[in-house]
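Here is the structure we will look at.
Every chain is named by a letter (A, B and C) in the order it is written, and numbering of its residues begins at 1.
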């Protein structure tokens, strides 16, 4: 394991990552690197381990073996909220927002201040918070709806709200799990625009099935199959790879 | 505390307490099996499970009286009729409860807990109104009385052996129903993916009802067995409900083997300690140990590491 | 609403004032001291119910062991009072004078070590807060750090209630057993059994309850209050927004435990004894129903729910004892199936709009700027829940 202690220039470097669930290896000896300011898309057939990789990075699932380094800090031993505080944000597949609260309150709770119990008790809604919330709401097309209860938003608006909740934390690495699933065509276009805007100054990892969308945004694509990397590179290169074609079309 | 006894005496004490523990084990297993089906397979907390058991006990009591008065010739085998009736009565009530109450609450486990607690209060009061507050006992046929001497110190009561054999048979039957029959397959399919199961043509509502009824029916049989070793009162079921839930959780909610193993561990620990400590301290220590272990290993002893 | 985040909305202020008026003026005028004392006893359960609103209603943690904390507070108080009434002179006929009577009956000849500090009132008052808080912290830390929640937490807290009851009953030499600690007379020489003392204790109890309500209101109105709801609805999202969810849960569980303990201590003072029948599984789950009947999301509702259920219990079990269990059982089922938001839900959907209109009409007359924001906190979520 000589590579484990080597520092790298990558924002995120995953090495020899393995996780097994009762003998079934969902991710198998994976090596994956994410550059600064890169939009890295992971694709692959169902059960390839895409979501599991995101789960492993953000601490939701514990790895069996291997290392995940973010700015040369080992994430595998950290707890979820500590990983978030390091600057890793995660959006889930189904919009996970606080339906009982308003859009404003949703964004406010995600504002990175007053995260301890005492801090939350003494948290003041000051000018900084309000300005930042409005700024983010503007970005995710929700500035008209700040006082609306989140439960009443459309599916696409909920997805944007969750993205907004991540943006307000200003993460250096943003992980999005199927951000356009269930969106209408126009919402999809708007989301692609949104992603291109928010990726300025940060790296993004996206898991997505929609190939058209992937083509629009990806700098680099990794194809996972049965927990291993099948192919990696630009979208054009990956699409031409006979292994990939075999997995998607063959059998 | 061991100093006052010789080794042979100690051995016999352990054997006898162990056997007392085995009877407790049988009751636990019978109650926990029903609960493990309902809680483990359906995720429903049935706080009235003890009252379903007591229903079975009262049915057995009625049968015993009926046979004694009208069919004394068949009294020797009344118990088998009683068990079948107990199963049917508790199962029918279970189906009714599922239809009127539980099916509205599948996504709200905590609310199910409260609602079934309310149900348990109503059933307790109903028993009290019908059968009176006093505990009742059944008359055992002659062949179940007496005991088999093993050594000159150790004697094994026949009714205890009967209850254990019964438990064994029922446990096997439950295993076959859940893991080898079409009904069990459908139950597990519905539990794992309700929408998909519905889409492939399984009547999910019917499966839910049958599963719940089956769990309650087994509790009814447990009540039947219970009458052989204890007397029946309106609140007797409540005494066991917390223990039984701990057993199911301790064993790992969805695992039958786990349920049986944890019934065994808990009943043995309790009855062995009971001899040396007071009954209440034995229970306190047993429960504390279980709660302590559950805090360290909340998923229970027998459960798979699963992919979320 | 985003700019106006005051500590209380008009509706909420009105609610607190109405409760205060009821407690401090209406009830003392309307009832004789016997009834008022009974009413005060009910109010001690309201402390538990308010704690459950925070813990269960807002944060989704159902504890079926709140009787444990009620009992801890009550027993701490009772131990002090018992020691005070067990002077060597008062217990001269015992074989060991100077120790509580039940110890003497159980052939105990010296005061157990854990009773010693309860000779001090300061220690006792501290213990009423600290003992349940520490106990709740240990349970909470062990469970929430390991992500045990939902029904598992409910079952384990229920088991803890069972364990403590068996322990208290089993160790009667140290605890007074099933009878509990009885025959409590004076507090620092002041006889708590007189009518005057009962009036004073009733007012102290009422003041503490209003204090607890205000404290809860502060928590609910802070960001922490919104976090509680967030944890209930989307625990993972809270965690992945950089919060340590277990700390939030531990805090609210301890908070509710301390409330219960204060209620327990006031119970002992007003009723004059403490026994395991307020600790176990049955009383603990009944306390949940007080909260549910009032409305699990409303701290004021919890107070009214507690009063209503206890009033009904006393009335029914006096006249139709057989019907009471049917009624209580039916109540459990009804609050789950028919009106999950309890009394406060009914209030929110039928009465609140009316009150709102009256209040804002009054306000328009006095000041003509800015329309009042819709109320939140005490029960605003009910509308959302109903809309689902």
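One rule holds in what follows: contacts are C-beta pairs under 8 Å (C-beta built on N, C-alpha and C of every residue); 3 or more make two chains touch, one makes a residue touch a chain.
None of the values given here were measured: they were computed from a predicted structure.
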Geometric centre: closest chain by C-alpha means: C
Of all other chains, the one whose Cα centre sits farthest from chain B: A
Centre distance in Å when chain A and chain C are each reduced to the mean of their C-alpha atoms: 43
CA centroid of chain B to CA centroid of chain C, Å: 34
Where chain A and chain B are represented by their mean Cα positions, the distance between them in whole Å: 47
Sequence positions of chain B contacting 2 or more other chains: none
Per-residue multi-chain contacts in chain A, two or more chains: 60
Chain B-touching residues of chain C, taken from the complex the two chains share: 56, 60, 62, 64, 142-143, 146-148, 150-152, 154-156, 158-160, 162-163, 166-167, 169-170, 281, 285, 288-289, 292, 322, 325-326, 328-333, 335-337, 340
Residues of chain A defined as touching chain C within the complex: 58, 60, 79-81, 84-85, 89-90, 92, 96-102, 104-105, 108-110, 112, 114-117, 120-123, 125, 130, 146-147, 149, 151-152, 162, 165, 169
Partner chain A, residues of chain C touching it in the complex: 1-3, 5, 218-219, 222-224, 226-227, 229-230, 233-234, 236-245, 247-248, 251, 381, 384-385, 387-388
Interfacial residue positions of chain B with respect to chain C in the complex: 45, 101, 104-105, 108-115, 117-122, 124-126, 128-129, 238, 242, 245-246, 249, 278, 280-281, 283-284, 287-288, 290-291, 294-296, 298
